[in-house]
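What follows is a set of structures for review.
In what follows, subunit A forms one complex with subunit B and a second complex with subunit C.
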Partner chain A sequence: MIGRLEIVRLWRSRRPLIAACSLLFFLVLMLVGFYTYARAETGGRAEFRYTYENRSYFNGLTFALYAFYFGFLLILPIFIATEGGAQIAGDTSRGTLLLSLTRPVSRTRLFFSKFLLSGAFSTLLAGGFLAVSLGVGLLAVGWGDLDLYPGVLQMTDRHQHLEQQQALARFLLAWPAASLALLAPLSLAYLFSSWVKNPVNAVGLAFSLYLILYVIAEIHFFKDLRPWLFTTYMPYWRELFQERPDWSQVSNQALRLSGFTLLFLALAFRRFRRREER
Partner chain B sequence: MRPAAELGVELALFCAAAVCLVAGFGGTRLLDASSDPGAKPKGALRVVTWNVGGASGRGGHALVREAFDDVVETLRLLDADLLLLQELESSSQAEALRRALGSAEWMLVDAPVRGRTVALLARGGTLIAIDRGPIACRAVYRRRGWPPLTVASAHAHAYSAERRNRELGLLARTLSEDPDHHAILLGGDFNLDLDLDKRRDLFSDDAHRDVETYNFISQRFQDATLGTGSTAEPDRRLDYLFISSGWFRVEAAGPWRGRRVSDMDHDPVFLDLVRSRE
Partner chain C sequence: MLPIEIQSLSRSYGRRAALIDLSLTVKSGEIVALVGPNGSGKTTLLKILAGLLRPGGGRVALFGLDPFRDRVRVMARARFAFAPPALFDNLTAREHLRYLIGFHGDHRVSPAEIDQALELVGLTERSRERVAVYSLGMRQRLALAQALLPLPDLLVLDEPTEGLDPLAVLELRAVVARLRREHGVAVLLSSHLMVEVEQLVDRLLVLSEGLCVYLGTPSGLTEGACGLRVVAGDPKRAAPLFRARGATVSELKDGALLVRGVDLDLKAALALLEPAGVELRSFSHYRPTLEQALLERLRAHTAAGRRDA
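After this line comes the complex of A and B, so read on.
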């Protein structure tokens, strides 16, 4: 009952629609960027002669991977933070949390129902984004084998070649892996949502902290801090697009992200079960 | 749910977080550690590349007198067979270095590069110069029981990605089209900073061209010290050793940290090669 209620409320909030439209807009911009980049950079300019890159480099799989990579790091966390931040703080600000707790529903059940729903939403959002990226890539660019080269996107440090079927299987694996990674910012937002009463503050706190940690993790001056930040491990699923993924590295980083997620969730639960609703 | 049960859930979450974090971080080094080269493996050929210049002043400077003895001491400890040195002050300093290492053992080829000197020193075989300049000195190293090896010690431009692209590209092409079909060893300070997960183009727009340069070289030769970490301040991988694929097997490789003196900004990078059974 409580789960169904939360689903209805999520749907009526229109947050899924806003997220889907924003991601689609992002994909359109990526597509335009891809075409203009390909036209400018493969036009035989002198500085491009020392290259591996070939005619089949820019294809739908490359497009989908790059679109998902950027979207995952910078766009999806906005909607994930919004979802996590709006859950408890949103109900608190509207007074509906108190109303919910007057029903014969335990705090524990309410807490986990909301988190599970947010987790399912972020998983579906990541999966939908990946699927649409692949679909747009197929229709607008066309598929082929996936060739990755060392470059500014830091996907790989050497040339990687995956056959089309193999690459699609890796995309399929990347979905749960990326969804797991998104649970860390989600639980962070959930933690703030259980602390503050205004959802705007919770979302703002969660997203700004995510961005700060992300930037710190990217700048090499802070290399000694990087291992301690969950943002360092967020793009761990990139390893799945290597010819021979380092599974031990993948599982270690997945465990670290799960650890951060559970820690944020434990702190959020500790706060939620002790607070008094007025 | 009763408070005791809620406390149990909370504790379970904290425990699960601890288990995941311990399992994920367990056995990994969180801080960058040095790779001590240790003793040279039996039958191996040890190669060392080292930019022995300093960073202070406008454009840095060549090896200074105060650091000379420490550099000689480090090179002795490394027990190398081939030394690829950059940023020596002059040909006479290279000769002084050869004498300090033991002139009866060591052969020297050097070349002026942008007002400083790059050098090749070899022992245990013969070293015959092929050419000198503009960014490298090239020689053929012959050693009993080993295939003839064409070696180049290079120092690429520090401030111009375009010149790095042109000069390193030309050198790599020349080596890859070696008419004698020798094995190739190309090393030195390439000033290409491409380390995965570190470079994010926040401060420079050189990455694109440097990536192309790196790809051009790595398409032809094996990056023998790949994945061994940074070699220069601040946390950059600028020093490389590339070898012909198929001729050798890499036993050990990496920078030896903690050996810089004065204001030196590069670590010596070693490579232990054994002959491939192929």
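After this line comes the complex of A and C, so read on.
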């Protein structure tokens, strides 16, 4: 019953709708960006669609990958942090946590019901975003094989070629892999949500810390520090788009990321279980 | 096992003591009111009983269980409604009741019982509207309804009449009285409305700055504050004459003297004042309202505290 209650509350909170609309808006902007870029590059002689038809490496799959990559790193964590912050800190500030705690339900059950729901929400959000990115790529651009070159995404240091079916299978694998990665910022948001009473502070803390660690993980100057940051491992799913993925590296990074998730979650749970509701 | 057993309970926030050496027991079917000014420790006490705060010292047991450690088992028998009423704004009243009952695992409450609870608090017609649009009074009614399902053995209500119209206050009083009469439910309620307290409760716990300043029946509080109302020609000369007889004398708002702690009739009062040349203009028994008695008790406690300091 707690699960059902939390689902109804989440659905009616309009957070899923806001997240979906924002991600759609982001996709539209990405699409406009791709079109205007292609036009600028060809001096107005060709549009993005035609550059694909001319067998350029830009196509709907590339578009989906670009959109998902940037969305995963910068947009999805906002909604993940909001979800984490809204759960415990939101209930605390609204006083509804007392309503639940004055019923015969353990803090353990309450905490993990909320976390499971948030995890499912972030998984669906990531899956939905990936599916819509592919759909928009197909409809607005058209699919083909996936060619990746060394460049903006830092996905590869040499040309990679995946046939369409192979690429789609990799996208399918990228969904659970990326969803697993998103559990780390989610559990971080839960940690702050268990410590502070104000959801705005919990979300702000979680997202700003994520951004700081993400930036540090991207700067080579901090290479000694990088192994200790969960953000270093978050884009591990990019490896799946190699012609021959290094599976040991994928599983190793997924395990490390899961370790961070469990650590944040354990700290959050410890705090939630012991804290007083003043 | 008693619904509530508190022995020498204390609790502090940093250096500030919120509750000091408090003891209380509440039996099944008993209604006890918790009264006191803001910051007197009422909410701290209710939160300790709900297992939301740990006691700093002493022992607290609800049905023989520690509410902080055995909260789940305690909540199967006790129900709390805190003020201001916190509710899930995106749910309707009916959904509220259905989902909250669902927290009780295999405990089944029929839709008819939900209808009955909604009718009892006068929310039937608006039970399918989201709580977000409810007024404070309606929220208060729903908070009460949720506290009644499934029927608890102990009901703890924090300011249950806040935001209610006079008719709803009357209805609430009737509901609480019926719960006690028909089901033997123990009720602890915190309230500022002395009229409500006087008509409803068996006993009264008065808190001031974390200390229990009175625990007993409402009539006991008023009787303890009874005395003689004396209007003398010269109150300043009359007061020492009464004090000399061992009385405590204070001045009422209208300038009359309130004389306590001495058994005097009219003849004895005249015999005391007339030889000293003080005219006795009026002599009657003084019986304060519960609210007056409470205020006097609180003022006396504050004054004593200042003297000690």
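Note that the second predicted complex is superposed on the first by the 263 of 278 C-alpha atoms of A that agree within 3 Å, B and C clash if a C-alpha of one lies under 4 Å from a C-alpha of the other, contacts with A are read in each partner's own complex, and residues count from 1 in each chain.
The rule we apply is simple: contacts are C-beta pairs under 8 Å (C-beta built on N, C-alpha and C of every residue); 3 or more make two chains touch, one makes a residue touch a chain.
This one's a predicted model, so the numbers in the text were calculated from it and none came from an experiment.
Visitor: Let's test your reading of the overlay: on subunit A, do subunit B and subunit C clash or fit side by side?
Guide: Fit.
Visitor: Between the C-alpha centres of subunit B and subunit C, what angle is opened at the C-alpha centre of subunit A, expressed to the nearest 10°?
Guide: 140
Visitor: Going by the contact rule set out at the top, does A:S106 touch subunit B (first), subunit C (second), both, or neither?
Guide: In the superposition, A:S106 touches subunit B and subunit C alike.
Visitor: Go through the superposed model and pick first if A:S208 touches only subunit B, second if only subunit C, both, or neither.
Guide: Neither partner.
Visitor: Touch test for A:D224: subunit B only (first), subunit C only (second), both, or neither?
Guide: The first partner, subunit B, only.
Visitor: Quick check on the superposed pair: does A:Y149 touch subunit B, subunit C, both, or neither? Answer first, second, both or neither.
Guide: After superposing on A, A:Y149 lies in contact with subunit B but is clear of subunit C.
Visitor: Touching A:R94 in the superposition: subunit B (first), subunit C (second), both, neither?
Guide: A:R94 sits against subunit C, while subunit B stays out of touch.
Visitor: Just to be sure I read the superposition right, which of the two partners does A:L255 touch: subunit B = first, subunit C = second, or both, or neither?
Guide: first
Visitor: So, does A:R9 touch the first partner subunit B, the second partner subunit C, both, or neither?
Guide: After superposing on A, A:R9 lies in contact with subunit C but is clear of subunit B.
Visitor: Have a look at where A:E276 lands relative to subunit B and subunit C in the superposition and call it first, second, both or neither.
Guide: So A:E276 only meets subunit C here.
Visitor: Per the contact definition in the header, classify A:Q166: touching subunit B only (first), subunit C only (second), both, or neither.
Guide: neither
Visitor: More subunit A residues touched by subunit B or by subunit C?
Guide: B
Visitor: Minimum CA distance, subunit B versus subunit C, superposed model, integer angstrom?
Guide: 6
Visitor: Which subunit A residues lie in the overlap of the subunit B contact set and the subunit C contact set?
Guide: Common interface on subunit A, subunit B vs subunit C: 106.
Visitor: Under the stated contact criterion, what part of subunit A meets subunit C in this complex?
Guide: Its residues touching subunit C are 1-2, 4-5, 8-9, 12-13, 94-96, 98-106, 276-278.
Visitor: Could you pull out which subunit B residues touch subunit A in their complex?
Guide: Residue list for subunit B touching subunit A: 1, 3, 5-6, 9-10, 13-14, 16-25, 28, 30-32, 162, 165, 169, 194-202, 207-209, 211-216, 218-219, 223, 226-227, 234-236.
Visitor: Along subunit C, where are the residues that touch subunit A in the complex?
Guide: 13, 47, 50-54, 71-73, 75-76, 79-80, 82, 84, 86-91, 95, 99-100, 102-105, 146
Visitor: So in the complex, which bits of subunit A are touching subunit B?
Guide: By the definition above, subunit A touches subunit B via 47-52, 106-109, 149-152, 154, 156-159, 218-221, 223-224, 227-228, 252-263, 265-266, 269-270, 273.
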